[in-house]
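One chain, chain A, appears in both complexes that follow, with chain B as partner in the first and chain C in the second.
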Partner chain A sequence: MAVISALPPLALQAGANRVVQGVKIEHVCGDPSLPPDADRALRRSIVEQGLRALTTDVQSPTVFGGAG
Partner chain B sequence: MELALGTFPVEHVTLGSPPGWAGGRLVVDPARVRALVRDDPRIREVAVDVVAPGEPARIIHVRDIIEPRIKVDGPGHTYPGICGHPVETVGAGVTHRYAGFGVLIASEALPHIRRTVSAATDSLIDMSGPGAVTVYSTLRYLVLTITTAPDLELTEWNEALLGAGHRVAADLAALVRGQVPPRQTRYALDRPAEDRPRVVHVHTLNASMVPGIGTGIYGYTRHALPVLLHPNEILDGAIAGDAVVTYPGKCSWLHVNNPALQALYARDGRDVSWLGSVVARTRWGSLREKQLSAHQTVKTAQMLGAQGALVTWNHGGNDLLEVMLTIQGLERAGITTTFLTIESDIKVVRMTPALAETGSAEPPLLFSVPEARAIVSTGTLAPAEALPAMARVVGGTAVVFDQERPDDRTPAAGPLDLEALSGAYSPIFGHFDNYGLGAQSYFDY
Partner chain C sequence: MLRIGHYLNQFFAGIGGEEQASTPPSVRAGAIGPGRLLNTLLGPEGGVASTLVCGDNFFNEQVEAAAEAVRGWLRDVRPDLVVAGPAFAAGRYGRACAEVCRLAAEEGIPAVTGMHPENPGLLIYRQAYAVPTGNSAAEMAPALAAIAALARRLTGTAPLGPAEEDGYLPRGVRRPGMRPRPGAERAVAMLVTRMRGEPFRTELPVEPYEAVSPAPALPDLTRATIAVVTTGAIVPKGNPDHLKRCSETRWVRYGLGNRSTLSAAEFECVHGGFFNVPASENPNVVLPLDVLRDLAREGRIGRLVDFYCTTTGNDQRLVDCRRNGEEIAETLSRERVDGVLLVAT
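After this line comes the complex of A and B, so read on.
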């Protein structure tokens, strides 16, 4: 399992092993202040990070990406 | 910066004429109060009531409580930056205040505001019985139950209500402008001395994610990087609330009566040197903002030469992340911390003996760091029993316990089993008691 979170420290403390850095609490998987194309690219990169996290073996809790 | 704070205790309040204060008895002219409240075309109606502790009374739709304070000598205006008051720095000179008394603004949230602001919940204060567990059950109130135009947008509604409350509070405070206070206390920070540890108050305050409302610093409510305040500024009302959010940590009365300030003043010059209050905002939306706020708060404490820090907060939820990151940074910088906090399982609405012993299934703190080693708990305020029927209800007639279901209204005069009615948070105003003012102690639990 991988979790996309605006606040990875909270996700790690809750016991998540694969955490993908989201954008903000108000909009975890995108940024409405960006132009549509840039927002779409950002959302795609976060989802791709999620897929990469799911297919990566981890030895300890790991944070993927730094979109925030 | 030196402030002489003159205190006029209020032990009795009546409606009548002429208005005035003498020997603990405050007379309020209701016609004058009504005229002051209605001096705003956005306000349609107002009811004026006096409520005292111990009465079989329930106050509902509490929006804010203001302790009347007036600047008698020195720069600026009490409660600066809000309601058109100047933003000039306060905290010096002479201020007069009433003690044990507040002007309480009551108004039911307009339906469109209820829908858009989840923090504009319905809250209540029981003046007697098992629900009288908070400090707000111990004050005397002039309650202004205000009906506004129904279509006001959020900031207009807030300004109308808050302005009315402050017009009345300022007018009442003016009654004692020229009088000699029965008690006067001088507040000034002592010069730091080598033989006393230097202590800073890290005063973290929630900023609303909804623009224009919430706790303000000189009326500035938006998220911003930390600012250093002299405690006298806070005693003059530099931190004040709005009339929308009902979370108790933003109450205007609370900030001028914050026991953390009194406790630090009692120690300053004796066994610590208090350097001031670093006010850092909380509930930033992103991790980087939370980290930045924590880093800058730590840096400010370091530049002040702090060796110790009393860390407080006034909210709950994800705000704890930046508070804990701040504690971590302070400890790593060699600044010893003590954290004063509620236990975050604040969803507890009825405190049974079993629950008091074991806690709820939720963790008491949503997030923690290993560096937070000295934590003082102010507990979880909740009554042991369901709330009984009350002979008198002020502020409205019915309450909504679930913001998602505004049509589900419960008559406020009847018995209220909060556990059954209120699935989420306790509606008791002041139920999270960040600074430890509640009436319950360990022995009650």
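After this line comes the complex of A and C, so read on.
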């Protein structure tokens, strides 16, 4: 499992092992202030980070990438 | 002399084991089973005037009927104190004992129980006065001795002290009071003690999170079944299951059908812990269905499972989080899901 969170320190504190940096609490996977295409591209990059996290071996809690 | 009303399940009342667990409530005069030892411990100070017996299944399945029986019994007997159990690690018995304590408190009668600190019974009424016990009835004598001691404190004239001093499980109650030194000084002193490597005691215990070992990496994403879960309370429009805005105890699952995106016409966000308008206007910003469909179509992932799970991650008790997590994991594992994306809001 990979946790996508706007607040990785909280996810790490709760013991999540694969954490992906999201955008903001209100819109973790995207940014409604962007044009729709850019929002969708940003969302895709975050989900791709999540998938990369799932295919990466980790020994301890690890944060994957920044948004976008 | 203290007149005690004692609550027992079918097992400790000597009626029988599981096969008798549906026994309806009944009242006996005086003490039976562990109540006799309680009488011995209290000596001339008091004793069990009446015992209410009820099967564990009856109490947990017919909650209202059981509660009515407890109320009737309390009003008839008017005990000075109620003792429930002890229940040790028995979950259904623990719930019954905690509920008896709650009902006694409603009638203004002090009540004491005893159970293992991890007995789920305390979750239904954390304010019960409960002494910590061992796992099983082998610990009956020390458990009853602790109950008798707490009973004396509860019915005595001196005010009851903090949990750790008077031997009961923390009830989550903070009592305002004056301390000789202000909080800032105590905090710095605690920090200094800690930095010296000396033992210190926190004034605000935090429930520890569990360390989970990392799952192995997925070998091949293109053959993997992926699921998406969120604590962001994304629900079908109209919130058919009445998912709560905060303090939710449950989780729900909804079918995705063949949707290629989550539209604002069909879904909304009911999370009460953040400004949820953006997520209601475009639920994909919390539950990224649109791009997951793209990735599945492009063959980047094997497939996306055809439902999602959600709860409201807002002021949810750790015990509910843990149970919800276990249940969701079990559901996903039954569906042979290989990898999960959890969007935490």
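Structure notes:
Operating definition for what follows: the second predicted complex is superposed on the first by the 67 of 68 C-alpha atoms of A that agree within 3 Å, B and C clash if a C-alpha of one lies under 4 Å from a C-alpha of the other, contacts with A are read in each partner's own complex, and residues count from 1 in each chain.
Everything below uses one rule, namely that contacts are C-beta pairs under 8 Å (C-beta built on N, C-alpha and C of every residue); 3 or more make two chains touch, one makes a residue touch a chain.
Small disclaimer: the values here were computed from a predicted structure and weren't measured.
Within the superposed three-chain arrangement, the count of touched residues of chain A is higher for C, of the candidates chain B and chain C.
Applying the stated contact rule after C-alpha superposition, one finds that A:51 touches chain C and leaves chain B untouched. Contact with both chain B and chain C is seen for A:13 once the two complexes are overlaid on the shared chain. Contacts of A:38 after superposition on the shared chain: neither chain B nor chain C is touched.
Look at A:25: by the touch rule set out above, it reaches both chain B and chain C.
Within chain A, the residues touched by chain B in the first complex and by chain C in the second are 6-7, 10, 13, 25-26. Only residues 209-219, 221, 224, 226, 232, 274-276, 278-279, 281-282, 284-288, 290-292, 294-295, 300-301, 339-345 of chain C touch chain A when the two sit together in their complex.
Listed in rising order, the residues of chain A touching chain C in the complex are 1-7, 10-11, 13-18, 22, 25-32, 39-40, 43-44, 46-48, 50-51, 54-60. By the touch criterion stated above, chain B contacts chain A in their complex at residues 209, 285-288, 290, 318, 321, 325, 366-368.
Taken in their complex, chain A has these residues touching chain B: 6-10, 13, 21, 23-26, 68.
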